[in-house]
Each structure stands twice: as C-alpha cells, then as structure tokens.
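The next part holds the structures, each set out as structure tokens.
Next, two complexes with chain A in common: one pairs it with chain B, the other with chain C.
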Partner chain A sequence: MKKLMMSAAAFAMALGVAAASADAEAKTKACWVYVGSIGDFGWTYEHNQGRLAVEKELGDKVETVYVENVAEADSERAIERLARDGCNIIFTTSFGFMEPTLKVAAKFPDVKFEHATGYKTAENVTTYNAKFHEGRYVIGQIAAKMSKTGTAGYIVSFPIPEVIAGINAFMLGAQSVNPDFKVKIVWANTWYDPGKEADAAKVLFSQGADIIVQHTDSTAPLQVAEEQGKQGFGQASDMIKFAPKAQLTAIVDHWAPYYVRRVNDVINGTWKSQSSWDGMAEGTVQIAPFTNMPDDVAKMAGETAEAIKTGKLHPFTGPITKQDGTVVGEAGKPLPDGDILGMNWYVKGVDDKLPQ
Partner chain B sequence: MDMMIAVILTIMTAATPLLLAALGELVVERSGVLNLGVEGMMVMGAVCGFGAALMTGSPWLGLFASIAAGMFMSLLFGFLTLSLVSNQVATGLALTLLGLGLSGQIGESFVGQPGVKLPNYDGFDPLIPFAILLAWGVSWFLFKTKAGLVVRAVGNSHASAHAMGYHVIRVRYLCVLFGGACAGLAGGYLSLVYTPQWIENMTSGRGWIALALVVFASWRPWRTVAGAYLFGAISILAFTVQTFAWGIPSQFLSMLPYLVTIIALVVISGNRMLTRANTPACLGQPFVPDR
Partner chain C sequence: MRLVLEKRAEQSVRMAILSPFIALALTVIAGGIIFALRGLNPFEALYVYFIEPLTQDWAREQLIVKAAPLILIGSGLAVCYTANVWNIGAEGQFVIGALLAGMIPVYFPAWQSPDVMVVMLALGIIGGMAWGAIPAFLKIRFSANEILTSLMLVYVAQYLFDWLVRGPWRDPQGFNFPKTVNFAGWQLLPKWGEIHMGALFALIASIVLAVVMWRMLKGFELRVLGSAPRAGRFAGFSSERATLFCFLLSGGLAGLAGASDVMGVSGQLQTPYAPNYGFVAIIVAFLGRLNPIGVIFAGLLLALSYIGGESAQVSLGISDKIAKVFQGILLFFILACDTLILYRIRIESGRAAQTRAAG
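Then we have the complex of A and B:
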C-alpha cells in the first residue's frame, strides 16, 4: 500500500510516481480516487475500508494505491496520473468525477474505470451505486415503533434524489407501522460539519422529536442523542461506540464485496462494463446489529430486512401517494429504478417543502 | 421553559468556540499583527486536545494540550513573521494549510474513537462563563492597564513605541502566543465539549468566522461577544424555523447568520470616527527595528 497525502496535488502526484515505480511486477494494480479524506469516518472512510478488504482478500495478487482529498475540478489530472502509473483498475468515488473519468477512460482503453454514483458508462467505464433507501425503510419501521412522541427528527444534507428517496423510504417504513407518524426535517446544507449537525439535533429534540435520523456524515447527532437520553441511527458506519445507549442500528455502506469481486474480475480477465446498483441483497447496504430496543421490534425489523434482501419487499411498491395527493406506481409493483434515481417529490405525510 | 433553556444553551455552545478564538485574534491584531492562521491553530488544538484526553483520560489535560498546540503553531507564525519578517498574510494562510494537513496526519488513529467529554451541568459547561470572563479580562487589560496601552501603542505606531523604548517584537510575540492559546482552546472546545470526537477538518471554517468577527466588532471585546452570540443565536433559530416547515428556503436560512451578523455589526460600527480610532494603524505591517 502506498499512502499519498494530498494537500497539494502536484506534490502528491510527484510522490505517486516515485512510489509506484518501485515494484511494477505482475501484480494487478487497483487504484482509488477519493473526494474526501479517509479520516472522515463516513463516505470516504467506508470506501477505504473496501480498499483495505481488497488488500486483505487478494493479498499478493494486488497492489493498491489511493489518492485522497481530490477536488472535483482537479480530478482529471489525478485520474490520468494513476492511469499512466500503470493502474489496471481505477475507482473514482464521487459523483463529480463522472466527466473526468470518462475523458481519461477514452485515452486509456486498456485500463478499467469504475465510477461511483454516476450514470454514464463506456466500453471500459462501469458505474456502481448502492440502494441506501432499502436500509432507510427498515429504520423507518424501527423509529415508528420506538418513538414515544410519534415524531422523528431528520437531518439532511442537500436535496439530491438519493437523499429524497431516503426520506421517502424512511417515511413509507414508518407509516407501515404508524400511519400518523411525523417527521421534522432540517437541511444542514453540508455533508459534514459536526458542530452544525449537533446543533440541528439539539433543535430537533427541543421541538419534540425523540428519534434522530441523519443523512449527513458525522457522529455528532448520535452523541447528542446519547447525552439527552434519546435515540437514533448511525450513518455510513456503525457508530455504536459513540452512542452505546442511543444507537438503534446503523445503515452501513459496505463496498468490500463489490470491490473484491471487481478487482478479481480484472485479475481473471472477466471484467465487463456494466452499471451496478447493489443493495441489501448483495451486502453493499448492511444493517448494523439491532440494539437498545425490545425483542419484538428487533424481530420485526429483522424480518423486514430479510424480506427486502430476498426481494419479497420493495420499499417503493405502488401505489404511492405523493405529498400533493397524486398517486404513482402500479398496485403491487415496485417503482422503476429510474423513478427512484431521479426522485424529486415527497411522499404524503412529510411535513416539509422540498427545496427547489 | 425547558425548551427555552435548551435553546439558549445550544446558542451558548455554538457561540463559545467562536468567541474564544476571536478574543485571541483581537489581541493579536491590536498589537498590529494579522494572523490568518486561526483555522489552522484551532484544528491543531482540536486534534491535540482530543489525543491528550484520550491517552490520559483527563479532558482537563486535553484542554491544556489544546492550548499548548495552539501556542506552538502561533510560535511558528511568530518566528516567521516577526523574526524573519515574512509576509503576514501569506504566512497566516500557510499556517492554516499546515494545521489542516498536520492535524489529519496526527489524528489518523483517533478517527472513529469516542472521545472524553468535559464534565458539564445539564449541557452548561465551564468554558461558557470562562469565555465571557475572558472577554472582560481582555477588555480590562487593553483599556485599563499600562501593559494594554503598550500593546495598543505597538499596534498603532510601532515606530513610536520603539522610539519610546518598548520592545515591539517581544510585545508582538506575547500577543501572538496569547492568540494561539485562545485558538487552541477554541479547537479543544470543539473536540472535547461541543462534539467530543475527532474527524479531519472538524473546525469547518469556524476560524475564518472568528477572524471576521474581530473586524466587524471593530476590535472591541464586548462587541465580539455580541457578534459571537448573535451568530450563534441566528444559526440555531434558523434550524428551529426549519422544523416549523414554513417553506422558507433552507439555503437562505443557512446564509442568515452570516448576513445578520454582518449587518448588525456594520450598524454598530457605523460611527466612522470610532471605527478609525479602534483600527490598529499598523495592522499587518512588518516591523524591523533599525537598531
């Protein structure tokens, strides 16, 4: 493993060349480009855990390299450098890396590229994403069972489809248990600011919520819940250490199986371009152990998770009533993937106006 | 009633780190030095405080480590700008970049570890009154003591102060160190009180807000208190308004604390004469004693 600290891109790039030329043997070289730092304990941290799993599972057969804190505007240079340095497969892990990835991929037809959360593929470019909303349906049910006030507080980052689908899946889950369940939404307008997230949690608790849900990346809201004797859910990572009495469960991004499979495909020469959207069934979205809840709630949540895994239950099964009263989806059939990937409306019962 | 208390406490904890860092920078700028490295000193204070508390189990030792880390960073800044007379703006910016990078490196093994929390009384922690007390102390020092007069003299006209026989560089070193200690403590407040954890870049720009507060408070300690609390209050109220779902765009509400604080402080400091009287005339100017 070569660690490239990237505070100044050019400096790190120079380091990268030096480090990579050391052993250019027959090993397959897998490379990652991260938008954040591996120390964020959120999005990038989990991608890096996936990289470490590749190292562990495939051992001598691979060599891995990563570059962190790559600004989206500067990513083309970083990706191209890795491609020149002999990477066989390059994972670019931010939505904003989409166009740069495609550009570089066109110049290096022999290198495989994998772009996370995007929607454009090419002969040597695959996209991959995860169905995080499946986990949110499960925690919605738990929240509705566990809340005494019948109100959850929901801290969100930005109004993009993934986040909105998450809110909707959470509410559909909650409404399946308690049709009158309420959710109060606070937009923090950041993915990552522990102080702001903690403030938002405190405000939501003071407004009558007793369960906190977050679609931002730090552990701060859960810590507030722990201190105030309230409950909540972990995000991206299992955060039980931060809130041993407050965390009910966590939605964990688990990229390891996907990364191991794809790197293995490169080693075996079976890699093909695709667009992959894995969920709980494939193990990319995992649910942390159920804690701090009665057995019957844990049992119900476990059964729901199992039903989603086996495909018996789909969080967005029609008909679904939107906030404005219109109905979408055919009875008994799940919404098409495209509708979920581009979701820009709330389901009925969400007490918020969608930012436009 | 309980809700009111909860809201007020939240405002206080949001304002305290800004206030601590701003008061330190206020003294630095009063002595004529512009240190733009507040963010870097703060984030180093956060990581060192967190680490020390984690290793010793004592959040109080953690706070001391925060102060020490901030002072170390400011000493570096002092050496470069005061002894080697490098450009203050560039050095300050470099200090921020250095702090952000170095803290990430130091804190690599702290990520994902629950921290040690400073004891508090129902959310009221001892640093909240301390920050207010510090504002009083800074105000008293600057305007009621001879040493404070010397600091202001050095900031207003370093050549005259030098001619009077005061050691300009030494005074500035001491002020820069005080500023580092305050910024470090503010960082420690983040990682030990506000959100007891370490993650990279957890200061999220608070050092810059503190810097802006100093200018908009026209280098007056009590106005800095007002500015910090106003900023804290509006950010918390913005979240509260969102929970009412009135449909006010959240982006506008996120912007509000900055907007209101700037407008309020511009109005307070509308008196040009007063502002001019308070602005350190030698701010950012290097000083090389001729002998």
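Then we have the complex of A and C:
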C-alpha cells in the first residue's frame, strides 16, 4: 500500500495529473503455478528462471508471484486464488493443469491464462510448448558416437506425444550416426521422483546401456551415471554441477524470452490467444556446452544444432520407418506439425512397446 | 538420570478442554518466531495464515471443500481406531472409490439422468468397502496384520488406477494424455458455490457415527472391544465381526469421499492421483480424539492449515516448505499437549531407575 501511494505521488508530481491516474500506473501482476519445487534443478527450476527474467527485464512494471508443488488433481484452487488475488496473467506449467486452467479461465474472462504443454485453448487461454525434440536429435547423435555398447538407456515419464516425439527424435539422430543403435526404455510414471529415477538408471546400466537419457526432471539419473563412470545428458536445465564428469551436454529450456514477450503483451494490451511452439531457432530450446567428449563429436553436434537452428535440418524428415515397418512422410519433407504434436508411434529400432 | 512418562491417575477435564487452545497458542508463538526469523512481520503472517481464509466467501467455501473428504474419511477411521482396528489404507479405499465412480462416465458417457449420480456414488461406496474387506478378511482368516495389508493395498490401488487411466480408460480424443473423458451433467455432484454435496455427506456421516458410538449398542460393543478385548469376549462380542464392520464402514466412507472428490472437484480421472486425503485423515481422526464430532473440527483445522499455507505462499512469497513446517509444528504441539494430559513427565535419578529395573 505504501509503495503504491509513493509511486502514485511521484507520478502525480512528475506529470501534474490527478492521483486517480495511479490505477493506470498499477503494476501488471504475472503469476506462475508450478507442479514441482523451484529447487528441482530441472523443469520447474527453468520456469522459475523465466519468472526471474521477467522481473529483471520489466522491472517496476511488473510484480510476480508463484505457487510451487501444486498437485495436479488439486490445482484448481491454487489457480483460482491467483486469479482472485489480482493476477493479470497466469502461467500454469504442467500438462495436468489443463482442465483446471480452463475452468478458472471461464470464471475470470479478464485474466489471461497460459498453459504449458496442453492442447486446449480458449479466448483467454493460450498454450505454449517447445520443440524439445530438436535438442533430442542432437543428443541422439552424440549418444551414438560416445556409446561403446551401442545402447542408450532412456528414462521417460508419461507416454504423451511430447515424450514419444522426444524418444523418436533421439533415435533418428542416433541412427543417422549408427543405424544399429539401440535404446532401452523405462517408464518411471512420474515427472519428478529422484529415488525412482535413480533406480531406473541403475537398471538400465545393468542391462548394458552406457549412456543415460531422461525425460524426467531430477538430477538423480545423471548422478548415478557420475558414480558409475557412465555418461548422460541433462534434462531441462544445465546439470553439469551435479555430474561434472558424466554430463555430455543438456537440453536447456529457456522460457525467459517467451515469458517476457507475453507479459509485455499484457502490459501493452496486445495479448492474444494463440498456440505457441518455439524451438531452437527462437532460443527456447538451447543446448548446453559440450563437455566430456572428443573435439570431433563436439564439432559434429555443434554443426547439427546449427543446421536445426537455421532450418536446414528437420529431425522428422521423411521417409521415416515406424516400428511396425510402415513408412510415413514424403522424402525430403518434414512431417507436418500436427503429426508431431499427436505422435503415438515409435520409429524402428526402439526396444519397447508403447503402453496401449 | 532419565525422563519417564507416567500415566496420570486422574485426567483433568478442564485441561482436556483447554489443551487444544494451549497448543494453538504455542503454535502461534512458535510460528511467529519462525516468520520473524524469515524477516516477515509475524502478525501479518499469522493473519494471512489463520484469519484471512476466513474473511472471504470464496476461501471459506474452499475450506469446506478441502475439509469434507478429511471429515468423511476421518470419522470412519475414528470408529475403527476406537475399536482397536487399524485401517491405515483409507487412501487406497479412497482411490478405488474414485475409480469405480469414474467407470460409469468412461463406459456410458451418454448416460444422463439423476440415476447416474446415485449409481456412481453407490459404486464408490461399494468399491471402498470391497477394498477394505480384503485386509479384514486376511486378518480374520489368516491373522495377517491389518496395518501392513491395508497400507500395502494403497499402492496396489494406485497402480490399478494408474494402469486403467493410462491404458483402457484413456480419453480417445486426449492425445494419449493419461486422463479420462470429462464427466458431464448428472455425472457431477450438485454444488452450492464451490461446495459440492460431499460436504453434506461428511456432516451426516460424522453425526450419525457420533450417535452410533455414544447412544447405541454397536458403539458400546466397539468401545468395549477397543479398550478391553477380553471383557468384550465375555460379553459375547465378536472381535472378528467388529473388524469386518469397521473396515466396511471406514472403507465405504473413504470410497464415498473418493467418488465425491472426482465428481465434485476434478470432474475426470487423471493420473497421478494421490491427493493424500486418506493419510491426512489419520491425523484428523487422532486430532479429533477419535470422536466423530471432534473430527469435524479437526478436519476444518487441517484444511485451514492447507488453505492458509497456500495463501501464505501467494501473499508472503514464502516457500511451501515453510508452510509445511508450520503444519508440522501445529500437529506437534497438539499431540504433545494431549500426551501431557494423559501422562506426566517424571525425572528419575539413575539409582531410582536401577532399583526399579531390579524390582
């Protein structure tokens, strides 16, 4: 209250207008609902870095608030609380928040909602996601080069299209280097459970994998790789501090530019509902520095990343052979976005059956 | 020298009434100190935590929504624990209740009449009872420890739920996302504002159980079996029958809570589904001193600590860890005060202890 009065007074003095205009000067309130803890050093951590970037970039114009560790089945209340608390824009950063976000959005037409990784939009609900599979293609190539056993272990969360597209892109990248490359898959059925993830990593290593890839959020699998002298890739965030000898690189989610842009749109009154899907070209998906690998591998990976960034290379370029032997995609053309966003099949060579 | 807890010969009625308030006062003081250490104004923080949720209609409604399943499950558990039957697996019975209720919209999405609501609720109750009957049967037939079996069945229930929602029950239009179709129309519970009908069930259940426990023979039987099993047997009460009764009762109520939760709050099945009501209800049952009416207040208090914890996160920007620490402190003081009503602490010198051991 004090702050508001002071800024109002300053405003009135500077421009000589009535203090009533203070409303127009009121800060835009941007709010986040996180599924995990901001200290997970993975998914939620990076969203929170994005929030901090908004604070830093937009300074006095915004105020930010977040709620962490919100259970998906119990999230409607947390979202509604933020809407009632005067948030102008609310980012809900887990797939499971989709229905609750839509429900609350229907009650608060003036508040803007942004739901990460979902597929339902509304007048005041936008979805946003990132082309993580672009990064997966790059690490697939690295894995194929670095693996001595020709087998990677892959820890996955839920069989949703985003995750399946990640496995496929990784596999296509690996096969572009070594056509016989194998990947073994363990479903952890969680986004974040260090104990379970560590166990999965141990199982995969004992089955002959020597590179670990994860689509879960904790640093545990990489830490297991570090202990066992194996290698792996960071997920969502640069995890080099947790595995200085084991991390080859990491796919880093860099939400800051998107968040800053969208909050700015709210401030300027230009916010519109959309479905956003940015990738390496926009800088939302980034690759951490290449470490613990020979120079020629790093060079190859760097060139691949650059080709994806400039649009010369698309991970899903046809023809692609599915696990069941059928072929999709026209030669030399990328699959349509819709096929990737709804992907529910494996490419050839994945040693797993999709849960049906 | 050592500390000994010694049972008090007589319990002070005045202290029994005062103790929750003493505990609350101690919590407020300890909480204030923690908030002050975090550089927050302790008075403001405590206000946000305890009072603010009670000042807004919306938050009051949310409080009741959150408390309803805790009270519903907690009152059943209170009866169980009074009779010395240890159902620790209410969470599993809750999940199965939600699962069976959700089966109807999955297989008969077009079934839209008042019947469907009744059928879904009934299936929830039956599911919870059936899941509760398993540990009861194992206990009666094989003398298997019900604490272990009921707890282990929680995980079985969660995996069953997970498998169904991820596989056969998945929404065909849902891009493989692990959730079922949305319930609609009569498949949802009627609501007053945010409060769904589950709150009414909770109120009825605890009042009925209070009457049963204190005014009816069944209640007397359960209390006798709980406090003096041998005497109960002489009176012709069967502890097997009591075990089965308690598990069916608490299981059925937990199942009803599960059905009400998916029909009143989320409106679909979605995995992972672990709202933890079944475990928190154990605390609620004890906090309510195993008295179904006490459970109502205990449920509201715990719900308040959740809602308050959330508003503290938003308004004060503290992490949810602090909110949880605060909840822990509250429970610690309440249970400590209760213990000190029943027991007194005596300090024994080494010699006295030795004599005692020898004697």
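We take it that the second predicted complex is superposed on the first by the 331 of 356 C-alpha atoms of A that agree within 3 Å, B and C clash if a C-alpha of one lies under 4 Å from a C-alpha of the other, contacts with A are read in each partner's own complex, and residues count from 1 in each chain.
As a working rule, a residue touches a chain if its C-beta (ideal position, glycine included) is under 8 Å from a C-beta of that chain, and two chains touch if they have at least 3 such contacts.
Every value quoted in this text rests on a predicted model; they were computed, and no experiment measured them.
Asker: Taking chain A as the common reference, can chain B and chain C both be placed on it without clashing, or not? Answer clash or fit.
Answerer: These partners clash in the superposed model.
Asker: Check whether A:K353 is in contact with chain B, with chain C, with both or with neither, and answer first, second, both or neither.
Answerer: In the superposition, A:K353 touches chain B alone.
Asker: Report for A:F95: first if it touches chain B alone, second if chain C alone, otherwise both or neither.
Answerer: Second partner only, chain C.
Asker: Does the superposition put A:E57 against chain B (first), chain C (second), both, or neither?
Answerer: neither
Asker: Counting only touches as set out at the top, which of chain B and chain C does A:Y119 meet: first, second, both, neither?
Answerer: second
Asker: Applying the touch criterion given at the start, work out whether A:F242 contacts chain B, chain C, both or neither, answering first, second, both or neither.
Answerer: first
Asker: Just checking: does A:E76 make contact with chain B only, chain C only, both, or neither of them? Give me first, second, both or neither.
Answerer: In the superposition, A:E76 contacts chain C only.
Asker: Looking at A:S206, would you say it contacts chain B, chain C, both, or neither? Reply first, second, both or neither.
Answerer: first
Asker: I'd like to know which partner A:D85 touches here: chain B for first, chain C for second, both or neither.
Answerer: second
Asker: Just one of 26-34, 332-340 or 350-358 in chain C hits chain B in the overlay; which is it?
Answerer: Given the superposition on chain A, chain C and chain B clash at 332-340.
Asker: Go through chain A and flag every residue that touches chain B in one model and chain C in the other.
Answerer: Touching chain B and chain C on chain A: residues 37, 189-190, 355.
Asker: Considering only the defined contacts, which chain B positions touch chain A in the complex?
Answerer: 3, 6-7, 10, 14, 17, 97, 100-101, 104-105, 107-108, 111-114, 123, 190, 194-197, 199-202, 204, 206, 235-236, 239-240, 242-243, 245, 247, 249-251, 254
Asker: In their shared complex, at which residues does chain A touch chain C?
Answerer: Result: residues 37-38, 65-69, 71-74, 76-78, 80-82, 84-85, 95-96, 99-100, 119, 158-161, 164, 189-190, 341-342, 344, 355-356 of chain A touch chain C.
Asker: Flag every residue of chain C that touches chain A in the complex, lowest number first.
Answerer: Touching chain A from chain C are residues 56, 58-59, 62, 65-66, 162, 166-167, 175-179, 182, 265-268, 270, 272-275, 307, 310-311, 313-315, 317, 319-320.
Asker: Which residues of chain A touch chain B in the complex?
Answerer: Of all residues in chain A, those touching chain B are 5, 7, 37, 39-41, 45, 153, 184-190, 192-200, 202-207, 218-220, 223, 227, 237, 241-242, 351-353, 355.
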